[in-house]
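Chain naming follows the written order as A, B, C and D, and within any one chain the residues start at number 1.
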Amino acid sequence: MGPMEKNRLEAFSDGVLAIIITIMVLELKVPHGIELSALRPLLPVFSSYILSFVYIGIYWNNHHHMLYTTRHVSGGILWANLHLLFWLSLFPFTTGWMGENHFAPTPTAIYGVVLLMAAVAYYILQRAIIARQGPQALLAKAIGRDWKGKLSPVLYFAAIPSAFLNPWISHGIYIFVALIWLIPDRRIERTLTDRH
Amino acid sequence: MGPMEKNRLEAFSDGVLAIIITIMVLELKVPHGIELSALRPLLPVFSSYILSFVYIGIYWNNHHHMLYTTRHVSGGILWANLHLLFWLSLFPFTTGWMGENHFAPTPTAIYGVVLLMAAVAYYILQRAIIARQGPQALLAKAIGRDWKGKLSPVLYFAAIPSAFLNPWISHGIYIFVALIWLIPDRRIERTLTDRH
Amino acid sequence: MGPMEKNRLEAFSDGVLAIIITIMVLELKVPHGIELSALRPLLPVFSSYILSFVYIGIYWNNHHHMLYTTRHVSGGILWANLHLLFWLSLFPFTTGWMGENHFAPTPTAIYGVVLLMAAVAYYILQRAIIARQGPQALLAKAIGRDWKGKLSPVLYFAAIPSAFLNPWISHGIYIFVALIWLIPDRRIERTLTDRH
Amino acid sequence: MGPMEKNRLEAFSDGVLAIIITIMVLELKVPHGIELSALRPLLPVFSSYILSFVYIGIYWNNHHHMLYTTRHVSGGILWANLHLLFWLSLFPFTTGWMGENHFAPTPTAIYGVVLLMAAVAYYILQRAIIARQGPQALLAKAIGRDWKGKLSPVLYFAAIPSAFLNPWISHGIYIFVALIWLIPDRRIERTLTDRH
C-alpha cells in the first residue's frame, strides 16, 4: 500500500494514546468526604493509575522510536497498529478494576493478560515493519537481539497465574518490567545515530 | 474554497475518530465483583466494542486513502466530512445500547441504521471529492466500480428488518461486511502506485 | 511574540474542538428499555446534539479560515483563542441541560448566553488578528463588512429573553443563525483566491 | 537519543492538554432543576473550572515557548515531559474535589499540592532541556533569572498550609500566581526575536 504516509498513522496513534492516558484518570472518582482520609480508599486506584500511566508512556516512547525507522506503511502495518491500540484501549478498564478491588487476584491477573496481549501485538507490529523493510531492515538492526521485547511477555505470562498465589508477586513483576523499559533504549538510538 | 488545505481536515477527523474509538471503551463499566464470572455480563458489550472498533478502524483507513487522492477541500467536502463524523459519533451510543441489551432486536436494528447512514455519508463525501477533482478524478479511477461501497449499504439495509426475525442474522451481516472491508483495498493503492 | 507558530495553536484548537464535539454525545445516555419507544425521551437531547454539532462545525470551519490568513500569533491572539475555546467548552453542559429539560425556558436562554459569549469571543479573536496584521490586514479585507459576524450576536441577544415568552422562538433563532453560517462564506475564499 | 524529533512530543502533549482542559467540564454535571437557581450550587465548581482552565492554558503557552527553543529531545526530556503531564492530568480530579466541596480546607490544600508538583515537574523539564542544549543554551538565556518560575512554587508551598487557616487565602494565592503568568512573558520572545 505504497502511498500511505506514516504521518497520519502517528497522529492517530498519538491521539488514541493521549486519550487513553487521560481517560484513566476518570476512574479517580471525586470522593464525597472533605478530609484527607477521604482520599485513602483511592490510594489503590491512584497507584494503579501511576503504573498504567508509565506503561502507556513506555508504549508511546517505543512506538515513536519504532515508527521513526519506517517511512511508508502497508495495510498490514496499519491493522497491526490498530490491533495494538485495541489492547492498549483496555488499560483504563483493567486499571480501574484492579485498583477498585485493591489488587484482588482475578483483576490483577486480567491486568496481566492485557499487558501480555499488548506485548504480543507490539511484537507483531514490529515484525510487520521489519518484513516490509526487507532483509536490510533498519529496525531489525536497531532492535538487535531485542531481549527486552522477548523477556517482557514471558514475565507477564508468569505474572498471570502468580496472581492467584499472591497478587503482590504479579504486581512486583509489572513494576519490574516497567523499570527495565524505563531505562532508555539506546539500541535504536545508536543505530540511527550511526546512520546520520 | 480554494485556500483550504486538507491537513487540518485530516487532523480534525483523526482527532474525532480517535476520541470515538476510545470513548466506546467507557461503556465497559468496571464490574463490582472480583471473580472472573463478574466479567461474563460484560461479554456482549465487549464483543460489540470489538465490532465497532473494527468499523471505526475501517473508516479511518478508507478515509485516509480517500483524502490521500485530494489536495484542496471545498466547503462542500468539509460539510460532507462533518456529516460523516456525525453518524460515526453515534457509534458509542448504539454500541452501548446493543451490547448492554444482549443484541435485542431493536438495538441491533438501530445499530444497522447508524451503519447505513454512515455508509451513505461516506458515499456522499466520495462523490463530493470526485465532483471537485473533475472528470479525470484520480479518486474516481482509484475506486473503479466500487463494489464494496455499493454492496455495504444494501447489506446494512437488509440487516435492519432482519433484526426483528433474528438479531443474529443482522449480527452476521455486520461481521461479514467488516470482513470484506478488512481485506486490504488494493484498488486505490494500485492506481496511486501507477502514478508514481 | 514573534516566534510563535500558528501550527501548534491550530493543533491544540483542533484537539479541543474534536473533544467538545465528541463529548457531547456522552449526554445521550444509553436507555434501559429495548423498545424503539425507549429512544423517545432522548429525542430532545438528540436534536440539541445535532444543533450543537452543527455550531461546533461552523466554529471549526470559520476558525480554520480565519487562521489561514495569519502566520504568526501573538500572546494576545493566543489568549483570545483560549477565551473562545472556554465558551465553546461549555456547549456540552448547556446542550445537555437544554435537551434533558425539553427546551424549558431557562436552559434555552442559558444556551443562548453561551452562544452569545462565544460569538463575542470570536469577534475579539478576529480583532486581535486584524490588529496584528496591520491596516492592510488580509483578514480585514476578507471579512469585509462582516454582516454575519455582526448580525449573529444581535440575534442571540434577542433569543435570550424570548425564551421566557416561548422557547421555540429562541430555538428558531438558533437554527436560523446556524443556517446563515452554513451557507459557505465565499468572502475570505474569494479574497484569498485573488491573492494566489 | 538523537533521532527523536520534537514534533511528536508536541503533538502528544497538545493532545493530552486538550483532553485535560475539556474533561474538566464533565465535572459540571447537568443539574436536575430547570430554574436559574439550579445553577447556583454549580458556581463553586464553575469558578474552579475557570481557574484550572486558565492554569492549563498557561502551561500550554509556556510549554509551547519552551519547546520552541529546542529541536531534538532526549529520553530524559521525554520522561520529564510525561512527568509534567502526569501532574497536570490530576487537575480534573482536584478541580472537581475542591469545587464540589465549596473550597473546604483539605481539597483546597490538595489542589495546591498538585499545582506545586506540576511547577516542580515543569522546572525539571526546563533543566533537562537546558542540560541538553549545553552552556550556551538558548532556553537558559531566554528565561534569564526566571523569577516567575522560582516564585510560583514558593507561593504554592505557602498556600498549602494556609488552606487550614482560611481557604480563601490559598485561593487568593492561586489566582495571584495565575495573574503573574497571564502577563505575557516577553523574555523568551525577545531572546528568540533577537536571534532572527
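Rule of thumb we're sticking to: a contact is a pair of C-beta atoms (placed from the backbone, for glycine too) under 8 Å apart; a residue touches a chain by one contact, two chains touch by 3 or more.
Keep in mind that what you see is a predicted model, and the values were worked out from it rather than measured.
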item: Same-residue or different-residue interface between subunit A and subunit D, half as cut-off; value: different
item: Superposition of subunit A upon subunit B: rotation angle, C-alpha, nearest 5 degrees; value: 90
item: Approximate Å spacing (C-alpha centroids) for the pair subunit A, subunit D; value: 26
item: Euclidean distance of C-alpha centroids - subunit B vs subunit D, Å; value: 37
item: Shared-contact residues (touching 2 or more other chains) in subunit D; value: 11, 15, 18-19, 23, 26
item: Subunit B-touching residues of subunit C, taken from the complex the two chains share; value: 10-11, 14-15, 17-19, 21-23, 25-26, 28, 30-31, 34-36, 38-39, 50, 53, 57, 60-61, 64-65, 68, 182, 184-186, 188-189, 192-193, 196
item: Residue numbers on subunit C that touch subunit D, as the complex places them; value: 1-5, 8, 11-12, 15-16, 18-20, 23, 26-27, 74-76, 78-79, 82, 85-86, 89-90, 92-93, 96-97, 100-101, 104-107, 110
